[in-house]
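Next come the structures, one after another.
Shared between the two complexes below is chain A, which has chain B as its partner in the first and chain C in the second.
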Partner chain A sequence: MNQAQNPISLSLRRVWALSHNTFLELVRLKVFYFLLLFAFLIIGSSLFTVQFSFQNPLQVLKDVGLGAMSIFSWLLGLLCTANLLPKDMEDRTLYTILAKPVSRFEYLQGKLYGVFLLLGLSVLLMSLLFAGVLAIREQQEIAELARNLSPENLPAAVAEIRAATFQMNLLPGIALILLKAMLCSTLTLLLSTLATSSVFTVLTSVVVYLIGHVQGIAREAWLAGGQASPLLKVLVAGMALAFPDLQLFNVVDEIAVGTALPAQLFWQVAGFGGLYILVYFLLAQLVFSTREL
Partner chain B sequence: MAVCTTAILIKDLCKEFPVPFRRETVKAVQNLSLEVPAGEVYGLLGPNGSGKSTTMKIVLGLVRPTSGTTAVFGVDSRRVESRENVGFLPENPYFYKYLTGLETLLFFGKLCGLSGRPLRERSRALLQTVGLEDAADRRLGGYSKGMLQRIGLAQALLGDPKLLVLDEPTAGVDPAGAHAIRDLILQCKQRGITVLLCSHLLGQVQEICDRIGIMDRGELLAEGRIDDLAEKKNQIELVLENATPALLESLGAMSRASGAQVVSQRGARTDLEKFFLDVTRHRS
Partner chain C sequence: MKKALCIVSLLAGFGCFKTVAEHHFLAVQRDAGFQLATLSGQIRTQLGQTGFVAALSGFRALMADLLWIRAGSAFDRTEWPRMQMLLHAATQLQPRAVVFWEMAHFHMAYDAAHSMRLNVRQQPVAALRRVAELEYVQIGEDFLKAGLVFNPESAALWQRLGELYSRRRDDPARAAAAFTEAAKKPGALRFLRRMAAYELAKVPGKEREAYEQLRSLYAEGEQERLPNLVRLLRQLEEKLAVPEASRVYYQLSAPGSNGTQAPR
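On to the complex of A and B.
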């Protein structure tokens, strides 16, 4: 081995090797294909089921598509991450890897970045299908308009349809869906460094996911009227710190009706998500660095 | 920079594992001290649960000692740098099933700091050395036990290590495969690579190792050169060919007259492993 190589560059190469390997491992898992297939089925079938709804078809498509992307990307991240560490420990592959000049920090980074790569690919594929479904529906709507409207009124109506189909604010919404999945995966990784069983990790992650979605409502209810005791306030503050408010990432409803996502809000939520990812990862590293193998 | 002539240095090593939900601890290693000079093949022996694997893991930096120190070529085992010159073959190695033999070596080679064409060439050369060049593009999920051991040895040799740590390298492998692995270890020895070997197969240890240490219940009970430890001080083995019964009778009489004693007398036997290999080689 060339000792004169830059240690940072060597470290980055090791992390990349581990990430790439983790990505390959996950992409060859059956659960990846099953979940992606279900997501495709739900997004694809919305094209047919929308005709049975009384709401604006494009809005329904966006609701279903973005909702499916949110659920499936979270589920994929959870199921893929939960078994990464336990499997390597049980198979003793971890020993072979850490017996190389690889630190536990690099190992954990590699695993997490591999999951992020998988999530990025999944969200990209679902987004492409989603865009395809919207494009098909757009053509159907325009064809319907062409049959019913006069030629003078048609261009304006078509422009309105096109504007409603694809809006730039869809992209920040999709980015936040991806970020939420990455945050939940990082949390799952932290839980797996503490747990000895992947079943426990999955169950705990689901509970934290649910807490993350209802904590905003619970906080408002408990603190309403200003009568809360100091102890309750401390407990609520602790809960708010430990569990991220995942409702912040739920911008699907606003996007579906065409509301633009303010840039400041996007960056605040993205920063919030990024900070939690960093904290959870550092905690995972702290636990993993002291764990007996 | 001074060249360190001690490959492994273990000083007063202790390792205790806490027992869950109890205030007790299990002493896996107790006050172990040993030194393996560079270039030596050292066998670490002992019954199951004697602390060999724990000692090995501490040397590799996988487990933290409770007290004491371990160093590899002068570098503390707890530092990542100590593993730059180390190759490790774990017991019953398990690699990623979805990777082919070549992909496995490329992956581990990148972890050793190798890349590009040199890595590819080294991987192919090692696959040839361990006799797996025809299985290079087959996924490890389809490998036999012996093939997994050989790919494990190949990945251990990837970084051109100065120290090889082998935990039961021939466990579960057929005699031909075990023979091939033994020959590889002897080649490493000739190249000056230090080898730390844990094995239950004492016959193999006797053939390969320069020195051995015997552990039990976390303690080092005996250590030294095999010839010195295994020699029966007051006995000589004599193998005769074409000896007549009259000659054997007179040898026995001479022994008794000089105060010596014939302890045992039987027809010389070939090594069962050699016999097995001869038969199977002729058949193939």
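On to the complex of A and C.
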């Protein structure tokens, strides 16, 4: 048997070629620019939104910026991944690729890494814009202080504003936003290997995303026991076992208000996210390896 | 069939492991001050169906900001009960935002309470206006106490609690305790220890303790020897009949001292 036809053979060169190609394909999609434009509009417009805020404008600015990054990275990952397999099948590219010495394992990895590259690029671009918006707002606040404070009180107030604007904690928070988007993309890929249409994949992924955010409530209720009916208990247990707890990755809400994220906690969540991605990818591979194409 | 079984067993095995791990991580995150928000029925009423779903879907902070902005418009229209509900919902969604608790307490214990006191047109009976005023002071106090449950290390919230007891409750004993607690917290402002001593000095029977604290502050150097502190020390020395030789004013006026305060 050809090495590449072995379902789990792996050549990094082939995987890189596939992911590079997938990335270029995705970057050329209109949906990428469309979503990125919307994300930029929301992050940029947060500078004006804060004017409606009732006190604490910096916090609102961060919440809007980080919220936009979170929703658009997820949407981008979802829409791009859901289309990968159906599009390749429709264009017959999938058959051409798999006819070459490329295993399904490599193909699936290449596709997923291509999406990860795209997510990395878009989160990087959004982060740069977010940093720019924060810097503008910081300058506005400092100018306001300079108008109202005496020169001897100004340096301390400026230092306080700077400390409140740029917190190093924001970086691990953004990294977890990216990780969550990557995890959701892997889940979408798994669903896509099971589904026959991209619409079904998109809809199911949205539902999984929503369930993932309330899974924690269900899990805690299940583990606490209580008076629920046996049927409800089975449902809740199933939900807790099958779906990932996406709420664990939502730490930016607290980071935005100044809560410090301990390094150990970050690495725990990041490692757990990595494990989720690995397991869901292996499941996707398991389904895809025997799928009739 | 074999594949399906394989998938189900992989999912179940991983599910069992991850459920335990998720439960553990949630506890770790809560200990570090994350994932403390609770989504109640009242919040659902304030946010509406879509907003509640958004809050459940990881956009909790954004929804809290939205409610905060709505509270701002309620403030503009002096709709205090509505503002209170909106502030309550916003603080529940973002309990680690100290500024939310601080401002919520301030608007209730000061703005709304003051508005009740002056509300002669709707409530001509002064005693009933006072009752309404005190109710809002209580709401403000409740906001601070709830905020301290989520942010026990916040010097700002302890300081506001001390100010509330001092200015709105006329309760110097509890004000002193709150200022003392505030002074112990990280990032506390220096004047909080003075405030604690000033308040303690007003408590009958606590004069000696207050005097000791003021003396200790005085001994720290020029930066603590403010006119109010020195004046209070003098009053307490008189009241407690402190021997002449150990009085601060005696030391200030003694030869060789660099005291610039006017002695008796």
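One rule holds in what follows: the second predicted complex is superposed on the first by the 263 of 293 C-alpha atoms of A that agree within 3 Å, B and C clash if a C-alpha of one lies under 4 Å from a C-alpha of the other, contacts with A are read in each partner's own complex, and residues count from 1 in each chain.
Quick note on the criterion: a contact is a pair of C-beta atoms (placed from the backbone, for glycine too) under 8 Å apart; a residue touches a chain by one contact, two chains touch by 3 or more.
All of these numbers come straight from a predicted model, not from anything done at the bench.
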{"item": "Touched partner set for A:Arg14, first chain B, second chain C, both or neither", "value": "first"}
{"item": "First (chain B), second (chain C), both or neither touched by A:Glu25", "value": "first"}
{"item": "Greater chain A contact set [chain C / chain B]", "value": "C"}
{"item": "Partner chain in contact with A:Leu98 - chain B first, chain C second, else both or neither", "value": "first"}
{"item": "First (chain B), second (chain C), both or neither touched by A:Gln247", "value": "second"}
{"item": "First (chain B), second (chain C), both or neither touched by A:Met89", "value": "neither"}
{"item": "First, second, both or neither for A:Glu292, with chain B first and chain C second", "value": "first"}
{"item": "List of chain C residues in touch with chain A within their complex", "value": "3, 6-7, 10-12, 14-16, 18-19, 21-23, 25-26, 28-29, 32-37, 53, 56-62, 64-65, 68-69, 71-72, 75, 94, 96-100, 103"}
{"item": "Chain B residues within the chain A interface of the complex", "value": "17, 57, 60-64, 80-81, 83-84, 86, 88, 90, 92-96, 98-99, 107-108, 110-115, 152, 155, 159-160, 165"}
{"item": "Residue ranges of chain A in contact with chain C within the complex", "value": "52-56, 59-60, 63-64, 66-67, 70-71, 209-210, 213-214, 216, 219-220, 223, 240-242, 244-248, 250-254, 256-262, 265, 268-269, 272, 276, 279, 282-283, 286-287, 290"}
{"item": "Chain B contact footprint on chain A (complex, rising order)", "value": "1-3, 5, 10, 13-14, 16-18, 21, 24-25, 28, 91-93, 95-103, 292-293"}
